[in-house]
């Protein structure tokens, strides 16, 4: 483990850089100051870049537009990989008929659910008419009334033994310096606990997003695992996932992990990044 | 285990009868038809009666008034024991200063929280002014905005290391023939899972409500444990609690347990009632 | 909460004193030095005394003899209440026929299992002849081959849907200054996790042992809950159980809890003793 | 989902076949009768073959030799991928100094642990001399005294905050028609529960083994995910892992899943194979 490393120096050793979005490129205050310089540097050095995010609420196109709107130029939708895309591929592969029920926003539904299958928000379901509902998808923590629609979801899943898919397994996301909000994965865990069932969860640390990104960049060049660096702010998702997939990992302090507790966090979890650097802007 | 027993015949062997409320005296359709006859019979036979309920949302006075309003006459507030009363006694004993925060209705707050301590619904809390908050109490699943106030509770408990008390440990309650609603205990479990902490839960099967009822009836007469029958519709709360407390137990089919699955439920859980009877009205 | 209190001063306000055994009266080094003086003082002051212990491995008679052997005089078997006694009463009440299987020592079996029912250690069971086995009891972490007999227990409980009873719910017990051993409750949790089932657990913090002790002392005198002080070294068993039962509680530092972390432990758990005193000998 | 399919017919549509070992190629009685024919057929048809197994107890060389010894000819060590190999790669990448402690057999230690790092079975550890122990690895459920060495592991991990790695996340494995044995993952979960920590687990359903196999076969040919069929007997490991990785999946009835309960298992889990076939021999 190399500490206090300069991100620019580390990056030189790799052909491809995978970045977590929240806590690495931006946080609750907006873009990490100076991040445009990092992106420019990586571009100029010919690095291949991917964003790997457990934020399933928006499509790659929308996330790219949002980066642009926040002032970060040059990130392409093709470079952004979301846990929602993994859920989408699962649904395409495995949920081929019937209506798909969901909790979340129309935006998330639009890119995660199959275009060729009818879908219905839980709020619009008539619990007396559910025989054709073939799957339940947890897309986002917004876009519905928690009290009414989580309860309705519990009843739907008691009456219909169908796959339940979670597009983002995170329990929490930060909304301000010291404030968090319960994420999709937290809501799904509530329903799992009530029903005593386990759902199918997508997102880091599962190696799937890494595998997808790896295959994707190999369509444009030739990359081995040792050519890749994963950068993240969270030991249990970014670093564990990268370590298990077999790429090098760098932990930064612009998000969930603080320099004050990092040693304790690493030894307690046993999740060891290859590099620790303050941020991606130095 | 005696099956297909007549409740009237069983009751003859006991001096005191403890009844669960929901699933025994009433259910989602209202009073169990004929239950007035049972109450009258128990009164006429000189039995001592107590209702033991995990419904913390209303005070004994309100629950008695509600029974009256639904058409069941003669239940006194003193005969109704709620899990909320247990939480109240804990707070009286252990939370002696500061403001108490809560999730739930003003009705539940009025009888569970201490009259002599200031209390505040989570919705009214300013998260920048919480230094004097000394406890958090989960009272009810109603009376607040789930999305906004559960998230606020998570942040309150991240910032303040204070006791969190759950006035009703049930995860679910029935609202219609086949529909359920997430109860206070389910919401508390969501927050416990997000924070990775365990709160202090009240309600059956914990033997405390049994102990309270036992002491209470012994102020008016002389009762040993073998003089008491606990009647309930749920193996994991009513019957387990009664068995562990050491009183006789009877399971009825007017609530959570169905005759079709009762044998499997008993053998799988290892919770064995002394009697099984269809309802308390025969 | 009163800190740095003298146990002798505190004890004056109460008519009955309930003491945890391990961590209060003795620990891994033997008797707490000076504890004979405390017992003598309590006797001389006319206090009623009970030991409440989650150690189910030995009968009250054996535990009294062991205290005597270690040099502590004057504790009577009638004053010692074990979680095993609670399991025994459950079995007497609810397991009336068939053979009872167990993991543990013959000593524990002798006082916890019913004298009038045949019992069999798991090691002696023939898995092809188990139709008459009516219950499985986890008595102790000793007295059997863990590898062979825990696996056999898993298979027994897969083949027979019978009650499983845990005579001591503790996960751990201390064996030296910094060393612990997995206790009965830990072994039971392994089997619960493998089978995805919940067993019936006995021991503090469940209020049953408190209720038993309360009833027992009231056979010899008249005691209200405010007359009783529970003294323990563990917040999650002794203090939580005492608080929920409604008696006063005192935490000591001769066992699981250290003065260095007590404030953090109390605020994190929300379990608040009425008194904190270094030990019962001052 | 296609039911009652012939494995030979299904296999025709794919260029590579991934097989689980236990429950597909062999079971507690030995080789599945006729399986040599299937292997021969796949070879003759030019299919690429890999065995993906959560059995970490033996190296690919040993597993190949064992197949040979049981009478199945022609499986090469290079075609066998174990969860232990994934743990090995993690250790190579992330545990670079100090002694590595382990529970398991010398055979498992020999191929999973790093050849260039000293390792020590937990039984040989002196708990007063552990400052240089840098990781703990759960290799196998055999090769140690459960009582003594699991307790010692608990104490080691209480004293040293080091990574704990689980080479096989399975909780159970079958040892006879109706008998099971607790596997490495079950033992690790006991220690996790005692310590209230989560370890780093390897094995299906994690997509890592799939990713490794995918990369491996692409060194010898050109394979897309749609060219691959994963065959397994267990929904929660083989089929879920295959589905999440994005390859086609076939469920067989020669192991954990029975035709009587398959519909219930599929609907309850939401894990849907593309094909169901009785075995790989028809």
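Which chain is which? They are A, B, C and D, in the order written, and residues in each are numbered from 1.
Simple rule for what comes next: contacts are C-beta pairs under 8 Å (C-beta built on N, C-alpha and C of every residue); 3 or more make two chains touch, one makes a residue touch a chain.
Since the model is a prediction, treat every value here as computed from it, not as a measurement.
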| item | value |
| --- | --- |
| If a chain touches chain B and chain C alike, it appears here | none |
| From chain A, the most remote chain by mean C-alpha position | C |
| Where chain B and chain D are represented by their mean Cα positions, the distance between them in whole Å | 46 |
| Chain A and chain B: spacing of chain centres that average the CA atoms, whole Å | 41 |
| Centre-of-Cα separation between chain D and chain A, whole angstrom | 27 |
| Category of the chain touch graph - line, ring, star, complete, other | ring |
| Chain pairs that touch, as defined at the top of this document | A-B, A-D, B-C, C-D |
| Chain A residues within the chain B interface of the complex | 127, 141, 145-147, 150-151, 154-155, 158-159, 171-172, 178-182, 186-187, 189-190, 193-194 |
| Chain C to chain B touching residues, read off their complex | 86, 89-90, 93-94, 135, 161-165, 197-200, 202, 206-208, 210-211, 214, 240, 243-246, 264, 267-272 |
